[in-house]
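In the two complexes that follow, chain A is the common piece, with chain B as its partner first and chain C second.
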Partner chain A sequence: MAKITFIEADGKEHQVEAQEGQSVMQAAMDNLVPGIVAECGGFASCATCHGYVDEAWTTKLPAPDAAEEGMISCAYHVQPNSRLTCQLKVTPALDGLVVRLPVSQTSE
Partner chain B sequence: MSAFSGQKLDKIPAHVPPELVYEYDNARDPRMLEDPHARMRSLILEAPPIFFSPFNGGMWFVTRKKAIVDITMNPEVYSNGFLAAAASGEHKEGHAGGHKEQQGFVMLPIATDPPQHTAYRAPLNQPLAAKTLAGLETAIRDMANELIDKVLAAGRCDFFSEVAEPLPVTLFMKLAGMPTDRLAEFRDLATQATSATVDAATREMTFKRIAGILAEVIKARQEKREDDLISKLLDANIQGRNPTFQEMLGYSITLFLGGLETVVNALSFGVRHLAREQELQAKLRAEPGLIPGAIEELLRLYGIASTPRRVMRDEVCHGVQFKQGDMVLLLLPAANYDDTAFPNPEQFILGRKDPHQTFNTGPHRCVGLNLARLEMKVFYEEWLKRVPPFRLDPQAPPKFMGGFNLAITSLPLIW
Partner chain C sequence: MEERIVIVGAGQAGGELAAGLRKHGYKGRVLLLGDEAHPPYQRPPLSKGFLQGKVALSDLYLKPLATYERFEIELKTGTRVEAIHRSSREISLGDGSRLGYDKLVLATGGRARPLNLPGLEGARPENLFALRSISDVEAMRGRFVSGNRLVIIGGGYVGLEVAAVAVQLGLQVTLLEAAPRLLSRVTGPEVSSFIERLHRERGVQFRLACEVRGLELDEARRQVRGVSLAYQGVPELLEADLVLVGIGLTPNTELASAAGLAVDNGIVVDEYACTADPDILAVGDCANQPSAYTGGRIRLESVPNAIEHARVAVATLMGKREPYAAIPWFWSDQYGLKLQMVGLSTGYEQCVTRGSAEGKEFSAFYLKDRRVIAADVIGRPAEFMVAKRLVSSRVEVDATRLGDAAVPLNSFAA
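And now, the complex of A and B:
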């Protein structure tokens, strides 16, 4: 179990209990966090699970692989700390992780 | 594909409970041929949510959105891999131990499952992303206007063959970097390749001819790169190497088939809706900003493609026992009439909350959806700006076809 906080672009916070082994995206979907769409179901093919990982955590996560990197470049509102949340696996070390969400998962 | 040309079973398999049997022929159901989307709605109202039909070789049909989403998100159990065998003409029931050498090509990335699929899909994502495609908008606008120029003065046209068919083929050929003088030839091939009513031999021939033409283009680009999709794919990195010639063929054929009939029919059904709804036509003319939202709702009302999966192990899905080897057809156009997600599903309502299922969900979710949306947006903008209020020609009502895609075969309009 790990506590993850999602913060919507307007500042609204959602704290969820994530299961070890699931993805950060899945934890958001299971708890109906708005702002994550996840159209492809977690296979790094849609970039609608885009989130910004808080500074303190960027170094604690494995770097994105080629598929994730390629897909991030297709996303909108990209920042240096952009990640696809479906590619982040929940581990006990991620307890307390903060993920901020973009204004939109599309160009709007 | 082989599943679709299959005959009607004389005997329902033992594991199928009688109350889940519902007779529906995906290619020839008479009510579907009369009004395909009304038939989709009736399947929601009349048939079990997951039913078994003895037609088309015998398979399960899934019509509810939630069940379809669950299935598409679980490719370990519900596989696309069998498409590889179907496309190369190999028989579904392989002989014991005999793994036939596959000649030809594998449809990429559609005929693969994750994790392999993720590697094959990655090179397509960027060239077909909304950001990348924005640069094509002017070219699409010119193509749309050329087609409108040809029909405008006559006050009538067969929208299907004179506008809807040429637009995506021309665009595909431009995108792929192909000479547009082979347009008519390509259009015929595309229609034949996806039709459910042509026989297996004709289909195989068609696939061969398409492959032949695309092979020429690939060879030309191997010699010399241009600024097109085929050139980009040649340099793509698939787990540390470039795609082989066979893989290039597999990509191009899937892109070719995936982007033609689907767009042609989505446009035709959409325009048919507008032809019958003068008020909506007027509203969109007055407020072109509503067009993208209207396109989404038209895509919901008029889903096109359905897609099969093969069950890889015995599995219970929403209360129904599937057996390993069963075929499941996800009726995406029916899921768009599922009341649970879409209240008053027969009505055109702008700004619905739930996304439609027309592009599917899961790893295979349409990679061409940004292109399709852009094509449709630009087309509707130009068409509504230039063509006066149009309606169906009462003398010649549209005709429909079934199969993998719900399709129109003609759409005479007058204005």
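And now, the complex of A and C:
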């Protein structure tokens, strides 16, 4: 298990217990975190699970593959630490991970 | 008594709606009733990774059962709603009991459109399938073995995705389509022929512009032996070990029409997901709604629509009014290639392509009045993201420059 904190664009924090092996996106879904929409269900096709990974973790994560890279490169409100959370697998090393959510996913 | 929202249909839209109510702090009771044995799940992998055996059953579930408990969503699976009694604001269930509601949301989706063919009257052959649910996949999986002959009736996305999975599993696949090209209602000819080639190269056989005339059954009328058809005017009998029918969806509107609500290719709702009865809403595949994007009415069958429509209904139920505004989009996956489609190309005047339709990936942009109204993007996710913006911003584009691969697509986006 790993604790993950999601921070909505308006600053509201949600700390959740994520299960090893699931995606960071799924951990948000399981805990009804607003701000992650995940229209495609985790297949790197929609970029509505976009999040900014706090700096301390960017190097601990595997680099994005070509599909993720492509989706992120032209997503809304991209930053250097932008990732598709559905492509990030939860491991014990991610305990304490902080993911900030872009303003474009908070319209819900 | 505590206020009660009852949702009929525990699919993509119903599940999203129940979760959305809790996300927005709704304090009353939320009941989510579904006739399937499963909690809300994703259907897209049914014709893709799940059929192929690459996605596990538990990974289809949108949320684990524990989530519904924790957030006090009263999920009742295996529960069919039989009727709505509007005057007493009650519904009746399959077991004869009644349940009261303050607000009722119909999220009943649809069912596979059945084939009406001579030879089929009264018969329910064991090897004739449709694909809508987990149980449909479970029923056909045993026959998805190498060497079996599969005939697919219908060249839409579901039929094509199943064809892709099946040839990869070693089945002999023939796909029959009444129109002269694949996906004819949703894409331009450039994309149709690209997809046809993609499949042909891997061994899928096609009979386009073909007329299916009937099914040959065995004597016990329990098995389909073959499909008879006319292709280029010549009658033909295709032998089959299994047949899949993928000819579209019939929306589940019977509950609504029996209750006197308007139905016209779906349950008629306004831009806030409301029917004419202020206490009854409808969302997702079963609903026919006004579309700001087309200016007309529309019934969409996609996950993004189910999610957006549920969002609109949550706002309505929470006393806010936020009309549906999203642009339709859809994706497919065939042979590991990503197909992403945005907008509706109906009525386009010009198709501009980037990249070569003879290659492995390309994009097709559909223009009307110098604006991109839709795009099909194959294997180029970054271009899809830009296409989405072009379609929603409605900016004017220069078709020649749009088709010039040397001009970065990003430079067109507003």
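Everything that follows uses one rule, which is that the second predicted complex is superposed on the first by the 103 of 108 C-alpha atoms of A that agree within 3 Å, B and C clash if a C-alpha of one lies under 4 Å from a C-alpha of the other, contacts with A are read in each partner's own complex, and residues count from 1 in each chain.
Note that in this section a residue touches a chain if its C-beta (ideal position, glycine included) is under 8 Å from a C-beta of that chain, and two chains touch if they have at least 3 such contacts.
Predicted model only: the values in this text are computed from it and were never measured.
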item: Chain A as common anchor, with chain B and chain C clashing or fitting; value: clash
item: Touched partner set for A:43, first chain B, second chain C, both or neither; value: both
item: Contacts of A:71 with chain B and chain C, given as first, second, both or neither; value: both
item: Touched partner set for A:30, first chain B, second chain C, both or neither; value: second
item: Chain B/chain C common contact set on chain A; value: 37, 39-41, 43-47, 67, 70-71, 73-74
item: Complex contact set, residues of chain A against chain C; value: 29-32, 34, 37, 39-41, 43-47, 67, 70-71, 73-75, 108
item: Of all residues in chain B, those that touch chain A in their complex; value: 69, 72-73, 114, 117-119, 121-122, 125-126, 129-132, 237, 355, 361-363, 365, 367
item: For the chain C and chain A complex, residues of the former touching the latter; value: 19-20, 22-23, 42, 44-45, 62-64, 66-67, 71, 303-304, 307, 311, 314, 331, 333, 338, 340, 380-386, 410, 413
item: Sites on chain A touched by chain B in the complex; value: 37, 39-47, 66-67, 70-71, 73-74, 76, 106-107
